[in-house]
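Going by the order they are written in, the chains are A, B, C, D and E; count residues from 1 in each one.
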Amino acid sequence: MATETDHTNPAVDGSELIRFDQVTKRFGSNTVLDNLDFSVSSGKHVTLIGPSGSGKTTILRLLMTLIKPDEGTIKVDGDYLTHEDRAGKLVPAGEKHTREVRKKIGMVFQQFNLFPNMRVLRNITEAPVNVLGLSKDEAETRARELLDLVGLGDKCDAYPTQLSGGQQQRVAIARALAMRPQVMLLDEVTSALDPELVAGVLDVLRDIAHTTDITMLCVTHEMNFARDISDDVLMFDSGRVIESGPPEKIFTEPEHERTREFLSAVL
Amino acid sequence: SRVSGSGAKDGGNLLERLRSQGTVRLGIAGEIPFGYIDEKGEFTGEAPEIAKVIFKRLGVPKVQPVPTEFGSLIPGLRSQQFDVVSAGMYINPERCAQVIFSDPDYRMRDAFIVRKGNPKNLHNYEDIFKKKAKMATGTAYAEIGYAEDVGIKQSDMLILPDQLAGLLAVEQGRADVFAGTTVTVHNVVKQRNSQRAEATEPFQAYVDGKPDIGAGGFAFRPEETKLRDAFNVELHKMKKSGELLRIVRPFGFTKEEMTDLTAKELCS
Amino acid sequence: MSWNWDVAKDFLPELGKGLLITLEATALGSVLAFALGLVWAMAFRSPTRFVRWPVAAVVEFIRNTPLLVQLFFFYYVLPTWDIKFSALTTGVIALGLHYSTYTAEVYRAGIDGVPKGQWEAATALSLSRGRTWIAVILPQAIRRVVPALGNYVIAMLKDSPMLALIGVVDMLQKARAEGASSFQYIEPYTMVGIAFIVIAYPASLLMRALERRLGH
Amino acid sequence: MTAGLWENWLLPGVWITIQLTLYSAIFAAVVAFGIGIARTSPLWIVRFLTGFYVEVFRGTSALVLMFWLFFVMPLAFQYQLVPMWAAVLALGLTYGAYGSEIVRGAIAAVAPAQREAAIALSFTPAQRMRRVILPQAIPEMIPPFNNLLIELLKATALVSAVSVADITFAAQLSRLATGDSLEIYAIILVLYFVLAFVLTRLMRLLERRAKAGIGQAPVKSGKGPLITRKLSARQEAEQSSNIITAGGAQ
Amino acid sequence: MATETDHTNPAVDGSELIRFDQVTKRFGSNTVLDNLDFSVSSGKHVTLIGPSGSGKTTILRLLMTLIKPDEGTIKVDGDYLTHEDRAGKLVPAGEKHTREVRKKIGMVFQQFNLFPNMRVLRNITEAPVNVLGLSKDEAETRARELLDLVGLGDKCDAYPTQLSGGQQQRVAIARALAMRPQVMLLDEVTSALDPELVAGVLDVLRDIAHTTDITMLCVTHEMNFARDISDDVLMFDSGRVIESGPPEKIFTEPEHERTREFLSAVL
């Protein structure tokens, strides 16, 4: 998985879309990721599993540039994420470069993080209009389509606080999709929800996984869901990938003792 | 402490008390040249210097300055913050209703601070009124009354805390003219060595169409007539001997400013 | 107590004119304080300490020194630097600047109260920094600080009489002028005092009501 | 600035400002505790009157009150206070009203169960207040009181308007004497800042001792701006006084 | 139990010490106690049991005069608690009368409610010195004895916050005993404690119950403890005593269906 591929047409299905190269991340003296290498091919749905504190969220936050790696580089679609290639030398990226690369990534958070001061529709159109430069009409048409997709066509004018958690999360998914990202990051998107609301959100995600060719990087504890949608499952422990493979293999005949332990605890 | 009842009809005993204390408190208003604190932090001025001499002769060796705002002089005197107003205060009927005055120790006409070259050609209050110039003067100055007499509304005037603020206001164009007594305005222009403003020639102000004589003296509480009379006696002696002019000459006063008017005339 | 209704009646129109100036100074001062305070609060959040530290130092200094002295400073010093302002303008600037150091803290609390997830969501949507402030953070922050800001308006109202000391003809200055020229003190000063209570009390009741409504 | 101006006016002015702050603070503290405690009285009339007092004095401007005491009182009541005491009275009454809200808020913040425990031990209402409630409430009052004290220090500058020769008044005289505004005002702004800094430090010390006195670990000052007026303290002040105060009444 | 007894020597063992007479207590429209009659004889240990919200705490708080009854009267040791007998007419009691009667009652709270601003010793001596007028020395001697009794002789100089919950509760018991009350009210004194600290507190109470003749009125969910120390158990439901009797009877052959239900749920 970690071999160099052709960069001339990087978004083509099957090519390498995300690449972590010797990435180290520390919080104080706590080394959370230790010289991590891993990559995700375009169009794939990859699930990260592993015990709490193993660094799954950290990977997503690095990709979203919410935090910066201490060492190593991250490439997205062939471009360095936190570095710039200036005359052959890697220098820390400027805000503008980062924003450009980051546009290819969308993220859905555990806590939804909808903007409470905007109605549902504007939550979705705000970024397309101001970042992608879509006209208001275009953005609204796109937003309405997405809301239909997540089954909330009638909630355009509601404020987030007027929605249930499950509905809010579905709006958050629509909001992320509205930016037409090449890759979606999903960090335990159902774990803040009441149990009866989980299914609705997972159904929407399944739908998206099966009907679009968007690349997905999910952290989840919903193993059934992971099995359903994943092309690859990566098992993390202590900031390293200790095992990876298609879900049928990982879930049924894991190689590592640690994976077995973990799965027997969560399944 | 209670305000001593103004009922005392016997002329008061303040002078005796001052003699036994050895100190008299003088109310001054921080107005050059009448009474002010100089650069060395010492208090001086035309009025305090006269008061120092006279009180020494009356048997009160020490004088203590109580600087205050001009507008607080009369209330301060009445409420015993100090014993004498020694700020070159003009004597006029309104004030005479509140306090009693010594005979005036100087008389003076008004003058203006204007921008260099007097571009609006302002020489008296009528000029200000006619040319709709922006006039400034000090809080509670008598000049407010003079200006009102020719029709300038008090609400159109810029009332400033002191002459230094007045000079700056004229220099900066916030006002066209600052009105004050001749010596005050000449002094401040000289002190600041102003490049952008100048003082006009003195002129006569009018009230009710009659020339108003601006003459200033020392104010006492109404019941303290004995002290006032004793003070007057010494003042008259100094006027006669010419000692008065000698004392005040360093503050910019000339023979022009000497007067034989009495408080009685000015109060009516 | 020798209250004279005639004096009171004569002073009433003057009081009215002074009141207008008082309200004008308060209103303009508030606008300035609200705007500047926001600038300070955003500067506190600046990514570079070369902005944060100097701003913090200046704000601390202004907040811990008397408004009155600042007023004199601006009134007497600015002209020597050839900056010309009327007394009212000078007063509004001093009032606004002084109170901006208080409103800055209010905004800061409001901004800190916006959940971190909101910043992260804005980053995840690639919103620019300016857009994040304008569309996401400030609308949420300002809503909760409105009552606190309102309280500072009332405080400014009560501080506005200081402007009289640099010659702004507000209510207090009207009373001082009346006292100095006619030696009538009782009625003008009492009326000014009552005027302040009559304005400030309902205003603070209003703020408390607002606080309750925006409570959550 | 000449030595004479420093010696005769500015330094005595600093001393006057310190005295004023001290006396006003003591007076305000007495008012604050008196009114603040009275506002918890079971008698409605006491609560009403003290509430009225607070509203009136939070509503007035301290400067207007000072002028009133200085100019109107002598005429209206034939009673004259020397300017210094008129100033202390005005500042004390006003800041006492603000302080009473802090006292009331801190008393209200003591757990009701403490009151109940004291009732269960048959303490009289006065004993409950003195021995149980206040000792717990006072440490909580110190940070907001610190803020109020700085406001009070700043407000003492107002006394220059009624001719008390404090720092600000000395500055006015010096300005007239030298004609130089920048230097003198810059100097006294710094003087006020230093006084504020020293006061804050002292209050900090007091806070630490008070907290230690009830078995709580002293709070670490942590980050916070250089002069220590923590935001949290400000918020406490705001909450407990329900309404501003900061800068409130000058 | 609710008959009038001789008042001339009311504190004698076996005579009536507490008497509720037609007591009604409402909170808003919620009638918590409804014409309640009940009495406790001197020297007895009585336990109140019953479901949550049945009014047990309300009874103790009425006795402690923390709240006032809406109707009816309460007598303690023959004196009206919230009323005064003035010239044959019952009038609401003044603060002073109430305090006098209340001195006979001590209370231990669920949340201990020690005074955090006083050291342990002063927590105990404060009331005896200031209310009973004991000298400081007397009070301290008494306090040290009581601290020994509850097993905390070495904690005189600690502040409450430096003690564990169980230790704090034992100090609270000592503090209540220091006033030499005729009756002690105990409201779920162990339910705020970590399980491993409960035993220590109950042991102290058992000790006191068995070695002194103090009257005790306990609300507790510790049925074993109730069985151990109670002379009488009163079963409450909806503000009424629905059943009462010695613990052997109540716990083994309760008459009422409601009691049976309750006991099967808590035992």
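In this section, a contact is a pair of C-beta atoms (placed from the backbone, for glycine too) under 8 Å apart; a residue touches a chain by one contact, two chains touch by 3 or more.
No experiment lies behind these values; they were computed from the predicted model shown.
Under the contact definition, subunit A and subunit B share the contacting chains C. Contact tally for C-D versus D-E: the pair with more C-beta pairs in contact is C-D.
Averaging C-alpha coordinates per chain and comparing to subunit A, the farthest chain turns out to be B. Taking the mean Cα position of each chain as its centre, B sits at the greatest distance from subunit E.
Inter-chain spacing, taken between the CA centroids of subunit D and subunit E, is 45 Å. Once the centre of each chain is set as its mean CA position, subunit B and subunit C turn out to be 38 Å apart. Mean C-alpha position of subunit C lies 57 Å from that of subunit E.
Between subunit B and subunit E the centroid-to-centroid distance comes to 83 Å (mean Cα coordinates, whole Å).
Within subunit D, the positions touching two or more other chains are listed as 71, 161, 172, 175. Within subunit B, residues 75, 161 each touch two or more of the remaining chains.
All chain pairs that touch, listed by label, are A-C, B-C, B-D, C-D, D-E.
Across the complex, subunit E meets subunit D through its residues 64-66, 95, 99, 102-103, 105-107, 109, 111, 113-119, 126-127, 130-131, 159-162, 175-176, 179.
Within the complex, the subunit D residues that touch subunit C are 55-56, 58-65, 67-68, 71-72, 75-77, 150, 153-158, 160-161, 168, 171-172, 175, 181-182, 185-186, 188-189, 192-193, 196-197, 225-227, 229, 231, 234-235, 238, 242-250.
Across the interface of their complex, subunit C is touched by residues 70-71, 74-75, 94, 97-98, 139-140, 144-145, 154-155, 158-161, 165, 168-169, 171-174 of subunit B. By the touch rule above, subunit D contacts subunit E in their complex via residues 111, 113-114, 116-125, 127, 131-132, 135-136, 213-216. On subunit C, the positions that touch subunit A within their shared complex are 115, 117-118, 120-121, 123-129, 131, 135-136, 139-140, 143.
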